[in-house]
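Structure provided below as structure tokens; questions to follow.
To keep things simple, chains are lettered A, B, C and D as they appear, and every chain counts its residues starting from 1.
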Amino acid sequence: MADKARIAILGASGYTGAELVRLIATHPGMRITALTADRRAGESMGAVFPHLRHLDLPTLCRIEDVNPDDVDLYFCALPHATSQEVISALPRDRKIVDLSADFRLRDPQVYAEWYGRAHSALDLQEEAVYGLTEFYRDEIRGARLVAGTGCNAATGNYAVLPLLAAGAIDPDEIIIDLKTGVSGAGRAPKEGTLFAEVSEGFHAYNIARHRHIAEFEQEFSKVAGRPVTPTFVPHLLPQNRGILATVYVKGEPAAIHAALAARYQDEPFMVVLPFGEAPATRHVRGSNFCHIGVVADRRPGRAMVFATLDNLTKGSSGQAIHNANLMLGLPETTGLDLAPMFP
Amino acid sequence: MADKARIAILGASGYTGAELVRLIATHPGMRITALTADRRAGESMGAVFPHLRHLDLPTLCRIEDVNPDDVDLYFCALPHATSQEVISALPRDRKIVDLSADFRLRDPQVYAEWYGRAHSALDLQEEAVYGLTEFYRDEIRGARLVAGTGCNAATGNYAVLPLLAAGAIDPDEIIIDLKTGVSGAGRAPKEGTLFAEVSEGFHAYNIARHRHIAEFEQEFSKVAGRPVTPTFVPHLLPQNRGILATVYVKGEPAAIHAALAARYQDEPFMVVLPFGEAPATRHVRGSNFCHIGVVADRRPGRAMVFATLDNLTKGSSGQAIHNANLMLGLPETTGLDLAPMFP
Amino acid sequence: MADKARIAILGASGYTGAELVRLIATHPGMRITALTADRRAGESMGAVFPHLRHLDLPTLCRIEDVNPDDVDLYFCALPHATSQEVISALPRDRKIVDLSADFRLRDPQVYAEWYGRAHSALDLQEEAVYGLTEFYRDEIRGARLVAGTGCNAATGNYAVLPLLAAGAIDPDEIIIDLKTGVSGAGRAPKEGTLFAEVSEGFHAYNIARHRHIAEFEQEFSKVAGRPVTPTFVPHLLPQNRGILATVYVKGEPAAIHAALAARYQDEPFMVVLPFGEAPATRHVRGSNFCHIGVVADRRPGRAMVFATLDNLTKGSSGQAIHNANLMLGLPETTGLDLAPMFP
Amino acid sequence: MADKARIAILGASGYTGAELVRLIATHPGMRITALTADRRAGESMGAVFPHLRHLDLPTLCRIEDVNPDDVDLYFCALPHATSQEVISALPRDRKIVDLSADFRLRDPQVYAEWYGRAHSALDLQEEAVYGLTEFYRDEIRGARLVAGTGCNAATGNYAVLPLLAAGAIDPDEIIIDLKTGVSGAGRAPKEGTLFAEVSEGFHAYNIARHRHIAEFEQEFSKVAGRPVTPTFVPHLLPQNRGILATVYVKGEPAAIHAALAARYQDEPFMVVLPFGEAPATRHVRGSNFCHIGVVADRRPGRAMVFATLDNLTKGSSGQAIHNANLMLGLPETTGLDLAPMFP
């Protein structure tokens, strides 16, 4: 026990916080020394999330009551904007994986445009590494502050980045039709995420103005070496977990499949299906895997790329642990080999 | 059109309000002249409930902006406690069907005990008729104020009242294990009714202290002619609509079935299944029907009675219209012959 | 009663058959005189579909036991291929609305290509009118045999046809990303439509080779006056009812919205939302309405068109009744004014 | 690796087979050397269950192609009746955990009565130990053949057995109202388990004649030392995983809670909630935990006991691994410490 990394989770009363605890429960290299939830300080984690009641966990406390001397690495699962304030106040010699949107966008102007306010911690923004593990592995290994990606952004990036890097598609003709489960919307009560409003129905939301577009533009443009803007339409699925991105591209289908297969062949969590097969969200549920498939369109020179992952795991908390493993010098798959749960 | 009853719905932004509008949309004897929703006054009903956008409806207004001269009958779909205040202020010569719990309990002491406050409109309470149509039809026909029943209460009452009346069961051994869909919890955002908290799971709630127990005790005791208290445990189903009560009783199964079949044989919305068959919530979905089945236990002298209805229709808004039809002198099934929607 | 049209439903044990019965139950101009289901002949409809048990319906019989003298109009809800055989054997002076795929494709070569067999009733194929009511109203009015459209095909056609007709979009750049509920797959047991295989998950199927592509090509090309092929990817939603098509097009968004609004302004079941709003499947559930929305992309000259309908109602059985109303000389909206059921 | 127990799973194409593979994937003391599925022999497990495609697993084969020399322990996840034939043919010196119903009932007469056929392997039946781990731990440790319990039976037994043992309840007044998810019905296509037949609805099935009653009677009577028969009504929930039993008993509520708390205090997977709290299926999803709660009824001398577990894990495959750990001399919780997955 003594040499396990000591972990604090700031914002443990939300779904990503609970998912971190679930994954760390069987992680051999981490132990939780602090859990915070300002509004529920003093309660047990089992009271907030009864599925975790069998675990021996610290009582929820306020952020200011966490002793940094007991922490090797912070997971920060706080709301956007709050995160930058809280992280600014943490000791500068502690490792941090932030799961909010606060440090994802390198350009402060772009941040201000999409989030409607100036960034209040520009030095931290500059220091932060974008947490798309497979594309920033070396930087993450040496990083102190890693910014977890948007869950939708991760899904689309996994499908598209290798294709732009390989020059396999037309950068001006990328359409990302994405469908996501409800848990990504968080645990705060809202009319729009009530059971009766979500079940037995489907709709698009934040059409052409979802904030994850900024992450697509940042990463796509960086890889392509010139500005790239996709069309992006997210939809809400009547299910808890899972994102599926259907990406419409122009290029040779076989070359597209080859580019993805080559790029991900040594990646432990990326599974490229045989050409012509498409993945399903239910087959990655609860796991850190991302399944990718390519199918040729009937029309020559066009293809569909499908990418799926669990928004709470590979899209958020599993990704965060993956990055933390790298930052802590642990084998990177440690604690993340849970098989998907189906049905 | 001129001779259609003019209807005002107070509290039209909740699920029972929307269900009233859905049913009245094809009701040949009613037309809506006012819809209120204080917090959304000035908006169209289509903005609040887009499934109703094809209808030509009055704009939502505040209660005080409804002109009583344009109203023959009020449906009051307001929260408990609010309802008694609002109805107290309505003209005393208007017909009212209240869908709240405010006027269901005849004994003010019992009301105070279960609802935690003194009743503020005792004269109206005295005037109100309990809206269990099949058991209070004559009183309802002549009533000015009808108190819609609890949706769970209706379900259990339909299963049990004829058995107590016929002396077919032991009044001291009634166990009601009830399961209800989520829409009964209303549209106000709460953590407990979020999609991610309800889907793919099941649990009991308000065990042995649900307020509808008071309605059971009131009606059971009245019919039995002596105090009767059931055991009552409600559970939350991961579905929108539908209540199923599984009632465990002691008595001769065949006699139990016969008592129910006899009692309901002329009732337009009560369907007693052949002996040995059990109903399903999905087969009454969206309709005003109640299906009842009786199955013998393996143990002699014991039986299970199953009753199912749609909490928003037969359990609330459909019941309300049924009662309103009687109050308005319309054929009582008018507008309520919609077949259930399956799947 | 005497002057109601006498209706036979061939294939009444499937979901579209049950949906026809549900709708006819409150249709003032139709009455059911025969219901067939070969494997369940002799049973009551209530045994096959308990939600219909309150109705007074004919016992299920075999097709050969239906007396044509008791039938004014047949709804044929049989499987593909079976339908053409059965209809060939019906008297040639009876009106028929076929809900199968058998008579949708005008070109026998195209039929053979997509359905893997030669058509066996070419004269009937020639006679049949494509049942997309809003686009073939006059032909349908005079038709004897109407071929109901594919439910996916209807959804995409509603979104696209007015745009091709108006020249508002580039015909070579149409991408239809469609999501559909499970009931469209029918009631025959298959592993892929089991609850445990469908719930809490999402995936694409029949990618770029779904048979409804043939209907798109037929109708798109006819309206455009030259061959038009869309990209079409259907996905399976974990819900019973509802189709949403997200159509990516190139053209001026405002002109696209205007073209749709103009085309559908007098249509009783087509609702075009204000520019910038998108529809939800749950808001048309169980109804004959189709909601259409247009949202501009961030990229100039591109837009998303969203169309939603209930696959069993507007996409199949409601459409069939709409067409039958026209064929029988009834007001076309008769029996189809049911408001959507939400939640 | 060399000293891991070598595992064969017979019948790997069903849900319990897949669940065994999921759990063994992170089990440090077991490795899979054979997977059988007669109808899918020659296929990869990833083709049958794509969520397992990242694992390095043996190709599916026929039972006769499994070499017993490569197997230390068999998990037999075959259909009832098939199981006894297959196990009869296995070498008598191999350990076996059977997940079917074939060896659960000690009395061959009772077996014949409930399963409609004579038992064909009476010697094995005599040898078999009932796999309710917490009650047969010592026998299981020394057993060669363990009969996994019914998933419903386990749930009810956990709630009731300690109460009968402690004399805390009236043995003649036990009512088990049980609700179970769909995955327990298996992967074979049936109309009754289609998504459209299960979702958005609820009903009772096999009322008072479910085969698990035989297991209740066997275990209840053994512990009570005299014949005990409960009333048992199972219901089908619109969810994949999870069983909740609501057990109505007569006895002192506090004593009932105390008896359960005492009995399970040292059990690694049994969690007794504080008096007055009730569990939820979603809080044990995917885990080997069983949560139990006791709530007093309003009526003196009556209580409700709630027990919940995941039918595929604690109710079946997790239980099987728990028992196998004991049979193999491994620490009994090995590989079973996965936290529940919520949401």
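Quick notes on this structure:
FYI, a contact is a pair of C-beta atoms (placed from the backbone, for glycine too) under 8 Å apart; a residue touches a chain by one contact, two chains touch by 3 or more.
Keep in mind that what you see is a predicted model, and the values were worked out from it rather than measured.
Note: the chain lying farthest from chain B is A, by mean C-alpha position. When the interfaces A-B and A-C are ranked by how many C-beta pairs touch across them, A-C comes first.
Inter-chain spacing, taken between the CA centroids of chain A and chain B, is 45 Å. Each chain gets a centre from the mean of its Cα atoms; for chain A and chain C, those two points are 40 Å apart.
Shown for chain B are the residues that touch two or more other chains, namely 15, 183, 196-197, 199-200, 238-241, 279-280, 282-283, 285, 343.
By the touch rule above, chain D contacts chain C in their complex via residues 15, 182-183, 187, 189-191, 193-200, 238-240. Chain D makes touch with chain B in their complex at residues 175, 177, 179, 196-197, 199-205, 207-209, 213, 229, 231, 233, 235, 237-242, 244, 246, 248, 278-283, 285, 295-299, 302, 304, 306, 308, 343. Residues of chain C touching chain B in their complex: 15, 18, 21-22, 25-26, 49-55, 183, 199-200, 240-241, 271, 279-280, 282-287, 289, 291, 337-343.
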